[in-house]
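Consider the two complexes below, in which subunit A is the common component and subunit B and subunit C are the respective partners.
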Partner chain A sequence: MSAGTIAKYAAFSRISATQAGRERNELYGRMAFFAVILGVFSSLWRAVAEAGMPVAADPKSLVWYLAATEWILLSAPPIHLEIQEAIRRGDVVYRLGHPASYVLAEFATGFGLLAVRAPFLGLTAFLCAFAFTEWTPPLSALLIVVPFGFVASTVITALYLGIGLLAFWLQDVAPVYWVWQKLMFVLGGLMLPLELYPAFIQRAAAFTPFPSLLAAPASVVLGTNAVTPGALARNLVIWSGVTAIAVSWMFRRAVSTVTINGG
Partner chain B sequence: MPRAAAVELDQLSKSFRVRRARSTGVAARLRDLFSGETQTVCAVDKLSFSIAPGERVAFIGPNGAGKSTTLKMLAGILQPDAGDVRVLGLVPSRQRRQLAFQIGTVFGQRSQLWYQLPPRDTFELLGRVYEVDAPEHRRRIDALSSVFDLGTLVNTPVRHLSLGERMRCEIVASLLHSPRMLFLDEPTIGLDVSAKATIRELLWTQSEQERVTLLLTSHDTGDMERVCTRAIVINHGRLLWDGPIAALRRSYLKAKRVTLWSEAEHLELTLPGVRVLSSGAYRTELEIALEITPLGQVVDAALRQTAIRDMAIEDAPLDEVIRALYATAATGSVPS
Partner chain C sequence: MVADNVSFTRALVATNFKATVALRGAFVIQVVFMALNNFTFFIFWWALMQHVTTLRGWQLGDIQMLFGMVAAAFGLTVTVAGGVRHLGRFIEDGDLDTLLTQPKPVLVNALGLRSQPSGFGDLVSGLIFIVWSGQISWSRLPIVVVVIAASAVIFVACGTVFFSLAFWLGRVETVATQLWELLVTFSLYPEPLFGGTLRLLLFTVLPAGFVGYLPVRILRAPSLANVTILMFVATGYLCLAVLIFNRGLRRYGSGSRFTTFG
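So, the complex of A and B:
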């Protein structure tokens, strides 16, 4: 990719980051929602521990685990909604006539939004988790979670792009997104580490991208050393590649549908 | 040596396969799920025309006539089924990217401006998209902002702009990369009279100054008359008319509207081909079919009855010409 091409898509990221800076209400809403979720779950884990019920990990670690998974998930902007609307309105057909790849432009736009959200939501996660637990994981763990979590959030953004492209065939991608959310919730270990799930779910989850995107980076705060940075990096590279191939294949199919059968 | 055409269409055709209307009843619906019947709809049918560089052409047709399909084929977004098309010497479906650098598009009902940001941000993004040299791009922004009188608008968030101001910015955005051809789809839709006039004047001036070829689709005949010199009319994907707008009116609709202000309170004109549109005290409005009764005969007949204080002769509005053209096309008797 040439420097000019990189500059072209960086310009999309820059303008969407600027726009995100002007549209702060949605971000503030997410931050408030995030704080409430962490407050509720920190009370829940404390109550579970105080009631003498077995908790596989330290309740404080579990709150930080949830802070990490939610940070990764909430940072990824729901760009599938914009894409769906552009496809429904027919705008996408006209944007295909621009000298820029539609998929790369949308991804760069999503990345710009992510770059604004991630620091704010990360700060919310840190402050709330610290306020509710009066404890922080070791700095070495946080230094792993933050970059890998950011990359995972980037891959999730690309997956949202893929979900949005399904609107070329389905028009309404809400059902697909709903299924995706549930899978992320269960197989990604959004609320609880996957080690607490039945063995068959853990086995099934291993064949999907979800654990690599949520549970694996977040579980570093548990201090179990179940996952190494090398394994994290390898899994994220694999799923990034799979996502890129899938999205570009879907887009090629969609464009040929449009160019042959109309938009 | 003749200059190459900006647009050349030769027997261009495009059909779409669409699902037949659903049958009623549960069993029929279930059958549709597995073996939905389709039918072929011909959107563009052996369409041929060419446009010279710098021409301003109105591309007219009723809804569903095939205008959008043709425009999409010209922009390389749709592949033709048959026939040839060249835009600025390029084959759009095969050379879409090269073509994209040389064409601009303005869609009245769509926006390429980022809503929360000032137009300048979008202009700068477009400079990157069209790979324009940064200093040159800044000069171009300043020059077009001056021509389109954007002033402080260029730094005002788009959400605070009126529709007319936004449309001026949209057109500037489409012209920033100095396209040789501009496709305009309903550029004045929703604008008030004065904003429409401004946009039309700016488009005309810009096309004259930079020799930009314009292809304009609009249902507003004012856009066509003020901006374009030539009209291409299509219906059911076929060419109905291609020629100067003045000739469309002159050679197709052989009628004039004449208003007479007379000394007498009422005029009684019962001549063949003359229809009284309205009649009031000292004022009579007529529509005269010139092929049946020449204008002079009507004036003579009026003068025989009373003195004429004033007279206005107008062409029928272009709206009516086009409406009549569509209606005649339906009966299959369109003049060539």
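So, the complex of A and C:
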């Protein structure tokens, strides 16, 4: 990819980041929602601890685990909604003739939004988790979670892009998104570390990208050393590649079969 | 007057239902996927409760009942009054104009404008959760119907209040949606997790307590006092919602404005 091409897509990111910076209502809403969820779960983990749950990690680190998984998930902008609307309205047709790849432009736009959301939500996660637990994980753990979490959010953004492209065939991608989201909850270990799920769920999760995107980066704060940074990096690279190939293939298939009516 | 409105609402719901099921494939997909969505979410509770038997006195069956209760009430809400989640946009975009010229109550008309097929998935899965909890006998079926209906009325009333803020504050879609989601979120977690000021909020401003906790208490141990309180509260929130909406409607500005596309 040439410098000119990179600059072109960087401009998409810059524009969306500027827009996101101006229209902060949704971001504030997400921050408030994030704080509430962490509050609810800190109460839940306290209740679980009272009930004597045999967990290796203590309730405080479980709140930080949730803060990390939620940060990764909430930072990724739901770009599938915009893509779905563009496809349903037919606006995508006008974009196909532009001297920029539709898929890369949408991804760059999503990345720009992510770049604005991630720091705000990260700060919210940190402050709320600290307020609810009066404890912080070791700095070395946070230094691993932040970069890997950001990369995971980027891959999730690309996956949203793929879900959005399904609108070429399905019109309404909401049902796919719901199930995908809940699979992320369970197989990604969003609220509960995967070790607490039955063995068959853990085995099923190993064949999906979800644990590498949520549980693996977040589990660093649990201090269980379940995954090394090297293994985490390898898994993220593999799933990034798989996602890129899948999205690119889907778009080629969609464009080759799309029917354009009117003018 | 009331009978007329009830008859109009019934006709509106019937028309919406026909429109919803007209696209049979899309309808079935939405219903099935929403039910799957709910069952997948519940795996969290199921896995957690494999490790602990009770959470401050709540067992898995109680959580199933709460989850089923809220899902069924939410499903009923978005099926019958799906327009509630779009009220903010209707107000902001001037979409109430067409309803103002009709001889029927604007709020009832606006609420009935959008029926969400996924609501049937919520409703069906909610009822399955309630039966699955093993705490309900057939003799309690009338109570189940009453508390689900009351809970749905509170959902509709709260949504109407949240989204009617658009009359005074303009573009409130995001804030109102977040308030709505918070109401749903809080109502899905066991009551004993929350205490102090938050508990007070959950029985007033964000009445998750009346949407989920009190109905579950009634289903576990029916009492005339609790049913009366629930009915009273549902009626109160509904009256408040109608009052706020009608007040807001006096401030409503028409949607006759220029729009440019480029």
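As a working rule, the second predicted complex is superposed on the first by the 254 of 263 C-alpha atoms of A that agree within 3 Å, B and C clash if a C-alpha of one lies under 4 Å from a C-alpha of the other, contacts with A are read in each partner's own complex, and residues count from 1 in each chain.
Throughout what follows, a residue touches a chain if its C-beta (ideal position, glycine included) is under 8 Å from a C-beta of that chain, and two chains touch if they have at least 3 such contacts.
Since we're looking at a predicted model, the values are computed, not measured.
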Please work out whether A:Ala7 is in contact with subunit B alone, subunit C alone, both, or neither, and reply first, second, both or neither.
-> first
Examine A:Ala174 and indicate which partner it touches, taking first as subunit B and second as subunit C; both and neither are also allowed.
-> second
Hey, is it subunit B or subunit C that touches more of subunit A?
-> C
Which holds for A:Gly230: it touches subunit B only (first), subunit C only (second), both, or neither?
-> neither
Between subunit B (first) and subunit C (second), which does A:Met191 come into contact with in this model arrangement: first, second, both, or neither?
-> second
Tell me which partner A:Gln19 touches in the superposition: subunit B (first), subunit C (second), both or neither.
-> first
Which part of subunit A faces subunit B closely enough to touch in the complex?
-> 4, 7-8, 10-12, 15, 18-19, 22-23, 89, 91, 93-94, 96-100, 258-263
In the complex, the residues of subunit A that touch subunit C are 25-26, 28-30, 32-33, 36-37, 39-40, 43-44, 47-48, 50-55, 171-172, 174-176, 178-179, 181-183, 185-186, 191-192, 196-198, 201
Touch list for subunit B against partner subunit A, complex | 16-17, 43, 69, 72, 75-79, 93, 96-97, 100-101, 103, 105, 107, 110, 114-117, 121-122, 124-125, 128-131, 157
Subunit A-facing residues of subunit C, complex = 26, 29-30, 32-34, 36-37, 40-41, 43-44, 47-48, 50-56, 118, 171, 174-175, 177-178, 181-182, 185-186, 189-190, 192-194, 198
